[in-house]
Amino acid sequence: MTDALKFQAKNISRVFGHGKKSVTAVDNVTFEIRDREIISLVGQSGCGKTVLAKMLLRLETPTSGELLFNGKPITATGDPRNHWRQVQAVFQDPFSCFNQFFTIRSQLKSSFRLFETKPSPGEIEERVDQALLAVNIKPKEVEGKYPFELSGGQMQRMLLARIFILKPQVLIADEPTSMVDACSRASILDYLLKLKEELSMTIVFVTHDIGLAYYISDSLYIMHKGKMVDRGAPDDVIKHPTSDVTKQLLEDIPDVHRQWIARGTPVHAAE
Amino acid sequence: MLRKNPTLRHILGRAAWYFVTFLVAVTVNFFLPRLGDANPIDAILAKTNAGDSAGAREKEEAYLRQFGLAEVDAQGKVIRTADGKPVRTGLGKQFVSYLGLTLQGDLGTSFLQFPKPVSEIIKDALPWTLCLQLPTIIFGWLVGNLLGALAAYKRGVFDRIIYPLALLVSAVPAFCVGILMVYYFGIKLEWFPAVGGYDAGTTPALSSDFLSSAAYYYVMPFLSIFMIVVGGQSIGMRSMVIYELGTDYVKYAKLLGIKENKILLYTFRNAMLPQLTGLALALGAMVGGALITEIIFSYPGLGMAILTAIQGNDYPVITGCTLLITVCVLVANFSVDILVGLLDPRIRAAQAAESN
Amino acid sequence: MQLVKGLFKIPAFLLGLFLFAATLALAFLGPLVFHVDVSTRVGDPYMAPSAAHWLGTDHLGVDMLSMLVMGLRASLYVGFLAGVVATIVGTLIGVYGGYKGGLLDDILTVLTNLFLVIPTLIVLILLSSSMDKGRSLTLIALIIGGTTWTWSARAVRAQSSSLRARDHVALARINGFSTLEIVLEQILPYLLSYIFMVFILQTATAILTEATISMLGLGPYDSISLGKILNDAKTNEALIGGKWWAFMPAMVLVTVIAFSLYVINTAMEGVFNPRLRK
Amino acid sequence: MTVSAPVRPLEQAASGPTPKPAKSNAVLEVEDLRVHYVTRFGHKIQAVDGVSFSLKQGEILGIAGESGCGKTTLVSGCMGLYIPPLFHTSGDVRIDGKSIVGMTLEQNRKEVLGQKIAMIPQGALNSLNPTRKIKDMAADMILSHDESADKKSINDRLRERFTRIGLDADHVLNSYPVELPAGTKQRCVIGISTLLNPKVVVADEPTSALDVSTQKAVIKLLFELMDQEIISSMLFITHELPLLRHVSSSIAVMYAGEFVEYGTTEQVIFEGRQPYSRALMGSMLSAEPGQKSRKPVAIEGAPPKLDKPIPGCRFAERCPVAQPDCRTTEQVLRIVAGRQVRCKYADTEVVEQVGGGL
């Protein structure tokens, strides 16, 4: 089953606006995502990676091209909820991901509304506890707490706990590390790996940091101005980048073992 | 040329928008009074018909023609049915003829002061209203913004006095300030004339007698509107300046060691621009409030003209005045719109992006 | 909750609340203390205040205090009804347009902007002058509410369209919430304090507006209102004649209501809304 | 030293990375600085608690730590910006040998800010006045420090400086911020901050909101300003410790208001002797081929709040190798392996269990 394709995108594009004002966010992109694989969409801000992720989530529709999920068009099931049972997401800003008027726990519990057969109340409580423990949070710690009472790292883990409850086939992780302190990024990535290992999940990891992508993924897609400019297994992409964009991205990472920047280099305007 | 100049294109776009708004206002002006149960024209016609004298008949004929209420023949005579009732034109046709006349500047004839044209009544009243409201609102806006900025910047005692005071003044309805002034300064203390626009002994002319008496009568209505505008504007400006003082660019300017008063100018200017937009939006309300002030002081402007017209069911005068006020407010809005675009680079950039 | 507690520590808020409660008390508890009767002439026109008639009589010789209580009730009724109408219409249009976006939002925005620049008072004058006999208090309230909603719509729309882009809304969508549920659970709670403030302002504005059009002689035919008392005083020369009791108490009441509501609103804004503007 | 705190071993040691500053070339000297602020609820937070360092001519000092470690408060303290609710508790800050503590705000503005010590802010994008042309804001900056400057000379100076930092001076100076792309705005901010050739430049997370490519361009520009001797020394504040490998010559790791390790870049990055700085390094990821097998370890929890004194080591709560006595014994800065370290076990193998090592 490992070679089965989860997603297949054939020449998909997404254009916003129309006429002279139109902006092409995703430009004629073709790719596939295999089962039980972590793929990373890497690129600078504004490269179209988030729009692409939203299309996989069925929150945006491609303006042209074909997007298949499990071999069928993504819109084949009329009710998008069928899609969301199988494809879920965590977002960039954990603080804006929760509704500040409800407790964390009640918001986690609302995930169960996606279930076709809703478990009993007792089972719901139990499964929430399990999910919290899976992301290393003692259920007591957050009992009765509201989102603003937790730290950014904790909130990001709450989002992941939600995924442990829903157990979707595919997880779209849109920049889940960019709003957390540098030293807690690693733990977020570890949970993603855990989801893949323990729940056989397929994960789409969206990031601007090729280093993080390299660490976690089974294949890399490099995007630039709406186009896919490079792709392949991480080691191939890193060692033999075929596009200048990838080379530049690699070059720009402040690696401790390599000469990264030198005093006295000429300055060019950064446009 | 239009392609090259986004500002000009923006101005033309706004002008077109305001013209559409004007047409809507004209439509509203025509249809609203005809919605109700008491169509004033019918009421007036009933009154004139009651006499059934030759004079009344003639007057009725004039009304019907004037307002396009009845079908007329080639000679301009009203066509009548066998029992002498005029053949009424449809509402749509009436509207078309009303629209045509309005765009030509013909607002019809007054019922009460027949056959005086509405435009003449307005011509007498308008200068009073303009002279009272224009300087008051502009001057009050400036002073209000200055006080608000000072309150926000100085905080402390200054703020603790100005702010609640402004809050009180702005909450007091315009007519209450007017009533208080008429009662205390006009009647009890007799410092100023309580009502009217000029001495009964003088007639409107460019004589020094008339002008000095007009100035004397001007003081109280001016002050009463002025206070309200100052109060409202200073509250808005205060919160805008407080907001600006907390922005990143102010923090950065402080870190650069830029002088305090320079930074203040930054914040004042940037806080002023949204206030300008606020002025445009508030104009309608201000003009309305000021109309009531005119009535309190029996000031011979449009407010009094409307009041008299309402009391006498003088429907052409009512719609004429309301239309004129609407047009004034639209023109003022349009000017402020353009002015903000010219003064604020952020809005200019947004406009340029919009019209590309 | 902490915010609400904080609110009750602000002196200005407490002052506003006290003043407003006092006017309510006068309107609804007053009749328990003194006799209210506005249909009987109890004395000569414009009798000065006395022990029997604490605020004297009006131009017809009716007890002024009774007139005030009834007028106050009418004004509060108009303010409340118009405030509710304007807030509901404005919130519906604002939330819907802001959250949904698209063509209908564009149309609603154009419509809102259009009626924002046409002076409300003018529309009110035109409407009221055409309804000579049918101008009941309720109708006036509905007309005021129906013409002033544009302010709330504009304000609410701006807020809800900024909320729409937030991640918890996207998360609720992929959680299977319906649009209605999203609006009710994800958008409205954030707007609630804001909508309440809008309602307070709309109420204050409606009370002032009613007073204004009553001053123009376009007041309700079926009721006394504070504006009508003022209009009567003005047309029957109480002002020129120095009969202060005929207009001063009504004026003070209008001012106190408006002032207390404004103060409550400003205090709430300071607590709930320090940066929401952005 | 007037503070009667327990005698710090540091003061006896003369051979740290920053030996007791010789008056000759220390530009910025911070001596046992303590800064506190008062919260809305009246709690006193000792955000900077006894920090000492000195910055030499031509040196770049990196200050690293998580958010909530007191980095930003330290910056305000160094600039003399004691505006309530921020207060100076004790200690001294000297620039060019002259103390800036106790100056009035106006004196500080005129003589220190922008002139001797300048800040490159975190969010450069909103730092420029949106309704003022770049040249006017830059001119305001010059005029605020030198009232006699005439228009012509200011103009020439601006054109020369903006050209030197790689901008189209004529176009950029006559633009409003909204008309410029983000990268150019960033550059303008750096240009304006360094207009008066300040002795010390403080870069407070200048790159944290940027993607890697823009980050590199910003650091390149700062380097060039140093090469051209427009600026001479710099404090570089960041939460990404590895970045400092390429930026600074020495690094101070800050935790809970204190320096916990302070040494040369090589020492701190590659052979840290303090659990926190080792953990910081160990939590970072790298894209380098061959590094994939190395497993980064996150530091769980968050820095303490500092509203009440913490007995013992402040990091003990989160330290993976905390020993029973760590929570009770107060830790002092002492010299271990040629750098200052605040850990009782710094010279033992215990610390080496922390962080994977790179």
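First chain written, first letter: the chains are A, B, C and D, and each begins at residue 1.
FYI, a contact is a pair of C-beta atoms (placed from the backbone, for glycine too) under 8 Å apart; a residue touches a chain by one contact, two chains touch by 3 or more.
This is a predicted model, so every value here is computed, not measured.
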| item | value |
| --- | --- |
| Chain-contact steps, minimal, separating chain B from chain A | 2 |
| Maximum centroid distance from chain C, chain identifier (CA atoms) | D |
| Pair with more cross-chain C-beta pairs in contact, given B-D and A-D | A-D |
| Core chain by centroid distance, with centroids computed from Cα atoms only | C |
| Length of the line joining the C-alpha centres of chain C and chain D, rounded to whole Å | 54 |
| Whole-Å gap separating chain A and chain D, where each centre is the average of the chain's CA atoms | 33 |
| Gap in Å, rounded to a whole number, between the CA centres of chain C and chain B | 22 |
| Graph class of chain-chain contacts, one of line, ring, star, complete, other | ring |
| Every chain pair in contact, whichever chains are involved | A-C, A-D, B-C, B-D |
| Contact footprint of chain C on chain A as seen in their complex | 57, 59, 81, 84, 88-89, 91-93, 96-102, 110-111, 113-114 |
| Contacting residues of chain C [partner chain A, same complex] | 166-168, 170-177, 185-186, 189-190 |
| Interfacial residue positions of chain B with respect to chain D in the complex | 247-249, 251-260, 262, 266, 269-270, 273, 343-346, 349 |
| Parts of chain D lying in touch with chain A, wherever the complex brings them together | 66-67, 165-167, 181, 183-184, 186-187, 211-221, 223-224, 226-227, 239-243, 245-247, 269-270, 279-280, 283-289, 292, 296-300, 302, 358 |
| Residues of chain C defined as touching chain B within the complex | 12, 114, 116-123, 125-127, 129-134, 204, 208, 211-212, 215-218, 230, 234, 239-240, 242, 244, 247-248, 251, 254-255, 258-259, 261-263, 266, 277 |
